[in-house]
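Let me give you the structure first, and then I'll get to my questions.
Here the chain labels run A, B, C and D in written order, and each chain numbers its own residues starting at 1.
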Amino acid sequence: MLQSLRTEVYEANLELVRRGLVIYTFGNASAIWREKGLIVIKPSGVAYEKMTPADMVVTDLQGKVVEGTLRPSSDMATHAALYRAFPEIGGVVHTHSRHATAWAQAVREIPCFGTTHADYFHGPVPVTSHLTREEIEEGYEANTGEAIIRTMSGLDPLACPAVLAAGHAPFCWGKTVTDAAHYAVVLEEVAAMAWQTVTINPAARALPDAQRDKHYFRKHGAKATYGQGDC
Amino acid sequence: MLQSLRTEVYEANLELVRRGLVIYTFGNASAIWREKGLIVIKPSGVAYEKMTPADMVVTDLQGKVVEGTLRPSSDMATHAALYRAFPEIGGVVHTHSRHATAWAQAVREIPCFGTTHADYFHGPVPVTSHLTREEIEEGYEANTGEAIIRTMSGLDPLACPAVLAAGHAPFCWGKTVTDAAHYAVVLEEVAAMAWQTVTINPAARALPDAQRDKHYFRKHGAKATYGQGDC
Amino acid sequence: MLQSLRTEVYEANLELVRRGLVIYTFGNASAIWREKGLIVIKPSGVAYEKMTPADMVVTDLQGKVVEGTLRPSSDMATHAALYRAFPEIGGVVHTHSRHATAWAQAVREIPCFGTTHADYFHGPVPVTSHLTREEIEEGYEANTGEAIIRTMSGLDPLACPAVLAAGHAPFCWGKTVTDAAHYAVVLEEVAAMAWQTVTINPAARALPDAQRDKHYFRKHGAKATYGQGDC
Amino acid sequence: MLQSLRTEVYEANLELVRRGLVIYTFGNASAIWREKGLIVIKPSGVAYEKMTPADMVVTDLQGKVVEGTLRPSSDMATHAALYRAFPEIGGVVHTHSRHATAWAQAVREIPCFGTTHADYFHGPVPVTSHLTREEIEEGYEANTGEAIIRTMSGLDPLACPAVLAAGHAPFCWGKTVTDAAHYAVVLEEVAAMAWQTVTINPAARALPDAQRDKHYFRKHGAKATYGQGDC
């Protein structure tokens, strides 16, 4: 199981490279083994082209390394906070992908402008508030996680599997790390479309609720009709 | 014939991938065999890299599967509605390509700003109105087709082979599915140029009618002079 | 000579594909053999992947085919007009490249905002006026050439080797067709930068004249210092 | 040592090509051998695909060629000025990369809008003033260096390893030419994000100082925690 999680985390990291979401050592992906309370995460600052599944770092739920000789990603504590707060998620992905990061830097939520968005996110992709100086200076990464968790208050993490950290970049999650990487790719596309939408029409409005629901529930939940019934 | 249609539909779907118009399982293409009243369409949610011509689904004009074990694309009913309304078309393509989708999300028609546009579309690419809650909740995909058909009222489907579904994305068509995919690619390019045009000059105006006509009829109709007389 | 011109024209056409300036059968390049009064040009509507040097069409200075079985590019008469008006040029390239076309559609000249521009174009890249209905309906392609020539009045064609045809797209030229294709690629880059420049700063101003001159004459004319003295 | 510097400079130049920062013969990279007072720099106007490490030109700190038969980059004097002014740097890179150049043309500094920026640049990326006519006409390249040096007054060159030359393009530097090329790539990404940020939110504000410091010092200086402790 740990072996297959390492491979899945490794593959999710590479997917981010292949899809153009990360350059150099940017970005990180992790997965959790709930039964054992173990997190498998990309090591910090290792080049993607040299990385192997064996380089993935294993930590406990506090982010303490329990296996591996490399340091975990510097965003470890954010991942750990999300796993503790959202028991339904199995993977977390963080990137600085260009378009989603532009919205994070603009400190604007991404409105649900269309069905591409609604097929994956059941409402706007929210943005956190800026952290306070105290939150930044002590426990920054854990406090980034807390800011995301506060922003998600009242929302279903699987129906809104992404948040923009203000002035920073997106964090995505899903039932698996493969899903989380998939959502990160779609989020980047949705962010690009939304940017162009507001340029073309600064008064653009969100999709009507009924259409948002129709698209979201075509792909998610008990009444989903998309796909072949097995995904 | 059914065999060659399957291959043509398969190839049109792959063309959308190659040209960067779709990611993951986004998008779908179909063709119709008019004499038999059969539609050949991409299956729902199957990865492009695993898809084969044999996976294409065959339905009747109501979208009922008559051959194949996979579910047809979730937009089946939209395709079927377009085939019933426009007897002159042989293929339909739907994508969420970035630039055209941004115009659909902005709920703005794409003005005919230049000759690239006029070479293919004899006027603006129109946008539908939003569907009502009732139209969304019951028969959404068929009603999307009806909204497109209403928007095309009074227009020649072959001279205006694309419509933007409001808040959703483009639908394109043509005499063949190969043509429909070609128009989808050109529409994406035209949408990108139009976005930049309105950024550079918010007061940009449509091409003079005479120039629009000159370009359109250089490539289309009895007096066309473009190409080698056989395409 | 004709053989080598065919190859050079063919290669210039392929360069436009490789650099992403054209899709499908868009765009065309030509060269002239001044001594014989012969123009070598891409055939109309032939797929780039099937084209060979032997497919290039040879015409006289009026655009009448003198060798080859294919029709010349539909923009033949524009090329011919430019060759007749500018005796110093040896090649012409026309594309619908995205960014330059957006400026043409916006009917705005591209200001000389920076040294990238000034390294190649000694001043703004001008835009023509729209043609009149009469000019469009009779002899459209030749009149497009005339509009470009009027716009170039008082300018040195080799110091301003590109014009935007209003509502249409750029035409570029140079001493050779290889140069013309090179300028088309640089124009596209310059157009992209200028679009972003006016988005970032709507009040952006042209480069000071002295800096424009410094850069232009570092690369052009008797006092050029760029390169290795042989290009 | 000279041999390995040639290779490193050659590789840094190729990195700019691979990352899409330069086309044709645009851009140049150099490194310095402090002990001997020798600069190794790309030759002027040589095609990247034909260049070899042996083509790199060796000059003294005034830019006078001491080894090699090719002319150095036309921006030689700017590189030399930067090496003389900033003893802590070992490499310089100059590109006309699209997004950073757009900011230079807009004559706007790139605000520190987010953590991607703060991971590399400890504050805004500044822009020089335009040179005077006199500075342009005599000793343009050296005066470009002087303008950059004036702009850097009071700043630590390693904490702000890039400046935009007004109306021109970025210059980057670092402890090594490999670092300088790396910063040029990141600057281009940061410039793209900042352009989109101001489009999405014209009132976007810089990252809070505490968060800027947190990110910058996670990767730089004695208390850095990013990576594996050896980079």
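Here, a residue touches a chain if its C-beta (ideal position, glycine included) is under 8 Å from a C-beta of that chain, and two chains touch if they have at least 3 such contacts.
The structure displayed is predicted, hence computed values, not measured ones.
K.L.:
So which chains are sitting against chain B and chain D at once?
P.N.:
Per touch definition, common to chain B and chain D: A, C.
K.L.:
Same or different for chain C and chain D, when you check if over half of the residue numbers at their contact belong to both copies?
P.N.:
Mostly different residues: under half of the interface numbers shared.
K.L.:
What is the distance in Å between the mean C-alpha positions of chain A and chain D?
P.N.:
Measuring from centre to centre gives 32 Å for this pair.
K.L.:
Can you check how far apart chain A and chain C are, centre to centre, with Cα atoms defining each centre and the answer in Å?
P.N.:
46
K.L.:
Provide the list of chain D residues touching at least two other chains, using ranges where the numbers run on.
P.N.:
Residues 199 of chain D each touch two or more of the other chains.
K.L.:
For this assembly, give the contact graph shape among line, ring, star, complete and other.
P.N.:
ring
K.L.:
Can you identify all of the chain pairs that touch?
P.N.:
A-B, A-D, B-C, C-D
K.L.:
Using the touch definition up top, name the residues of chain B that touch chain C in the complex.
P.N.:
19, 113-116, 182, 185-186, 189, 192-194, 196-197, 199-201, 204-205, 207-208, 210-211, 214, 218, 225-229, 231
K.L.:
Going by the contact rule at the top, pick out the chain A residues touching chain D in the complex.
P.N.:
23-26, 43-46, 70-71, 74, 96, 98-99, 101-108, 130-131, 133, 136-137, 140, 167-169, 195, 198-199
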